[in-house]
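Order as written gives the chain letters A, B and C; numbering starts at 1 within each chain.
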Amino acid sequence: MSAQAPSADLFRSERMRRRRIVNAIVEGGATIAALLAVGVLVIVVGSVVKRGWGAIDVDFFTKTPALYTGFGPRPESGIENAIIGTLIIIGLALLMALPVAVLTAIYLNELAPRKLANVLTLAFDVLNGIPAIVLGIFVFVFVVVGHGQAAWKASFALAILMVPMIARSTQEVLALVPASMREASLALGAAKWRTTLSVVLPQAVGGIVTGATLATARAAGETAPLLFTSALYSDAVGYDPRQPLASIPMFIFTSAEQADPVLHQQAWGAAAVLIGIILVASLIARWFADRSVRRLKGER
Amino acid sequence: MKAFVTRRKRPLAVLSVLGLVAVASVAASVSGAQARSNAGELKGAGSSFVAPLVGVWQQKYEASKGVKISYNPIGSGGGISAITNKTVDFGASDAPLSADQFNACNGCVQIPWALSATSVMYNLNGVKNNLHLTGPIIADIYLGKITNWNNARIKAVNPGVSLPDKDITPVYRSDSSGTSYNFTSYLNTVSRQWKSGIGNGTTVNWPKGVGARGSSGVSGVVSRTEGAIGYVDVAYALQNHLKFAAVQNRSKQWARPGLLGIKAASLADRKFSPTNALSIVNPPPGKKFRKAYPICTYTYVILRLQSNQASLLKPFVTWALTSGQADGPRLKFQPIPKYVRTKGLAAIKRVHS
Amino acid sequence: MAVASRTSSGPGALQRRGRIRPGDAVLYLVTLAAALSGVVLLALITREVIADAWPAMQKFGLGFLTTQAWGDNNKTLFGAKSFIFGTAVTSLGALLLATPISLAIALFLTELAPRWIRSVVAPLVELLAAIPSVVLGLWGILVLGPFITGTLGPALHGTFGWLPIFSSKPSVGSNMFAAILILTIMIIPIVSSICRELFLGVPSELKDGALALGATRWEVVRGVVFPYARAGIAAALILGLGRAVGEAIAVTQVIGNNVAIHADLFKPGDTLASRIAGQYQGADTALQVASLVYLAVILLVFSLIANLAAQLIVRRVAGRHQMR
């Protein structure tokens, strides 16, 4: 094709090629980055499963850690005390956090004047960002010093961690409830509290469950608050929240640094159990999140 | 309105299940708590140095007397602070209470209840066990002045041993440790630079190397790291099949952290401090100290003079001081001498509920 | 198109018809008490932590921040300099590595990937955030550490040994470099998920306009998406930094717990959070305890400022974008 302005064409296509190359490089880089992230996840979870699989058997869940003095046959050992301790600690934390978080969300979303709501929400968001180790120190000086460690004090620290997460999730789903529903209820003569509890809140249950399961998943893996509040636990299975109880994160933390390879394998096994719990919780949360958002958006 | 409620049943159901689980676990705790408070249980924490022996004691004592003992090896410093804060029934520490700590504990008594050695262990493939090391060499390794295993000074005391060209990684205790106190007290006696620059204590400013938590942590790092050197209760070195050095004592002998070496070292101090402490680090030269291993230490149990667990504590500590000593030798804990036992038994009498 | 929004009724709603229904009053008071708990907790935490650090704050003053010591002079001298240095190096190092990777992932998930890939990769990246720090620490000790001493460290030292940060060959798996890698893995999901939300919020007419003018996809990102999301990206980075600074458990497992200060990343070090986690249980003198809580005060101050800054940026950005 005869060119009207050949030099101009060549110049333009040269630049165009360079731009396309840069674009391809960036797109390639972005893909590599995503693959890197997925790759790291696969490596870490893969290590956990591969190295921990051998430790997981019925004994793992039904026996407690047995001390091996180095002589004689190794006694059977498991993490029953840690699993039960984690369930109790997290259960208590949820019990403490859920009411506070839901009531907070109701206030901030339904009842508060806008300015105050903004300030209080900001406070919760800042609270969310406080490192868990600082929370651990706070609970230590606030309730542990002079009184001893206890599982419920660990739950208290974890509840502080969970409240902002559950509150935010509840707030988000409360905001999705259409104003028309509230107005209709009020127009029928229902009191504000009746409207909130019977009309608005049931719609938000999905979001509450999402927030609660996500917060539970996060709290189940936190170790720092446990260091200060529930570290002096016994090897036997305990049920008393007034005593320090074993927990899976503390078990992993103490076993990881030992020299004994059998303890390492148990640590990997415990990590696999922990990741399993978190995975299940995340899936439940995700399922509920999708459902409730879809439902609320579709209700319009 | 009714239609809304029925359709929302499922998330509500999950929420109520979550709530029920939470409530059920609490209920189980409370009811379990009632049953549990009747069983005799003692709670202790502290020194990881003595943890292997306490572990054996736990099993034997529960088997014979039915009393459950739980012990958390969080380090001597942790034991001291736990008994001071009354979060445990007994604390264990290899570092004797200082005057300030004694006052802070406010009504505590300290009793030496076991006796063993701090081994200097190392990880070097192809090098034999019982490498010869002198005190000044060890101090200079931890000061960072000797950095490679094929250093001339190490070679000089190990004729015929082929030492590899490998960096030395000193490993120390990052937590508050009685074993650190023992080791640094020893280094104080063999290195003026150590004594003036760093000193001894449960926590010191280690110039070089890597820190690990607990005796098992130090064993862990050394076992994983080629070229590492660490100090730990000899029971850990044996348990984890780690090599440890023969350290030169003041009688110029290459002493090993075995029962004979510990026994000889224990002769170095018969005079109790006001708080029942004894110091047997780096015994002087002499015929009876020929085999003495220079880094030995007593380890102490710390009790509150007034304790509502006194009825369980006193029999246990008495048992530990007497029958329990027989479990020591297998783990390289030399049974305590008679005069130490007598002192301890007298001290226990002061504990009341 | 009804817009879902926070209901606009306030306290005025309670006083309809001039009387307050008791049920409404109860609800108001109970929920107000719950909502105030956030502020109350913040104040309480600040007060308690400062109160317990007070003996050390009084004794050392601000000089604590510039003293490199820990337990010197028979446990009478403590200083935070090594840990502030360690925290800065590890967190900023992690941020440096995580920023391009997180932005790239966010771009991948919003601009590049077809929908089905997006629905697989996005949850996987979020799952990375869900891995507990103690598990990452376990992996760091037993898998990453040997990898660094065996393969990665010698390779980096061999190629880049002239740089002060790689000037020695790592002899032990516990070092600052391991901590930086672990923190990077922790920051990436946080920053990338926030950035993903931001990029999704860029109005498509702006992007379409640029494309119509003949821009390549990268040029759209560089010219439209990044400038639009600039403030939000800053907030995301601050939040990621805050996470890295506050991480105690995984870092204390892999960093080596040493007080010395050097540029060499293959040497052990320590951070504020990690030192607290490592020593708190065994602190056996009052001054040591107070010094550790002083470290916590430094952490608290930093995290309050960083979080506040990030949140205010996010709010300003949200406000500005809503007004458009």
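FYI, a residue touches a chain if its C-beta (ideal position, glycine included) is under 8 Å from a C-beta of that chain, and two chains touch if they have at least 3 such contacts.
The shown structure was predicted, so the numbers you read here are calculated from the model rather than taken from an experiment.
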* **Reference subunit C; chain at largest CA-centroid distance** => B
* To do: Just list the two chains that share the greatest number of C-beta contact pairs.
  => A-C
* At what distance in angstrom does the C-alpha mean of subunit C lie from that of subunit B? -> 36
* Structure fact -> Cα centroid separation, subunit A vs subunit C, in Å, comes to 15
* subunit A: which residues touch two or more other chains? -> 231, 257
* Multi-chain contact residues (two or more partners), subunit B -> 74, 212-213, 221, 224
* Asked: Going by the touch rule set out above, which residues of subunit C reach two or more other chains?
  -> 281
* Would you mind writing out the residues of subunit A in touch with subunit B in their complex? => 67, 69-71, 87-88, 91-92, 94-95, 98, 144-146, 148-149, 151, 198-199, 202-203, 205-206, 208-209, 212-213, 231-236, 238-243, 254, 257-260, 284, 288, 291-292
* **Residues on subunit A engaged by subunit C in the complex (per definition of touch)** => 19-20, 22-23, 26-27, 29-34, 36-38, 40-41, 43-45, 47-48, 51, 99-101, 103-104, 106-114, 117-120, 122-135, 137-138, 140-142, 160, 163-164, 174-180, 182, 186, 191-194, 196-197, 217-218, 220-224, 227-228, 231, 249, 252-253, 256-257, 264, 267-268, 271, 274-275, 278-279, 282, 286, 296, 300
* Residues on subunit B engaged by subunit A in the complex (per definition of touch) -> 1, 4-5, 8, 11-12, 14-15, 18-19, 21-26, 28-33, 36-37, 41, 43, 45, 52, 55-56, 58-59, 68, 70, 72, 74, 82, 85-88, 212-214, 216-217, 219-224, 235-236, 238-240, 242, 330-331
* Asked: What residues on subunit C touch subunit B, complex-wise?
  -> 69-75, 145-146, 149, 169, 171-174, 256-260, 268, 270, 278-279, 281-286, 288-289
* Structure fact -> The answer for subunit B against subunit C in the complex is residues 74-78, 80-81, 84, 100-101, 104, 167, 169, 174-177, 198-199, 201-213, 221, 224-228
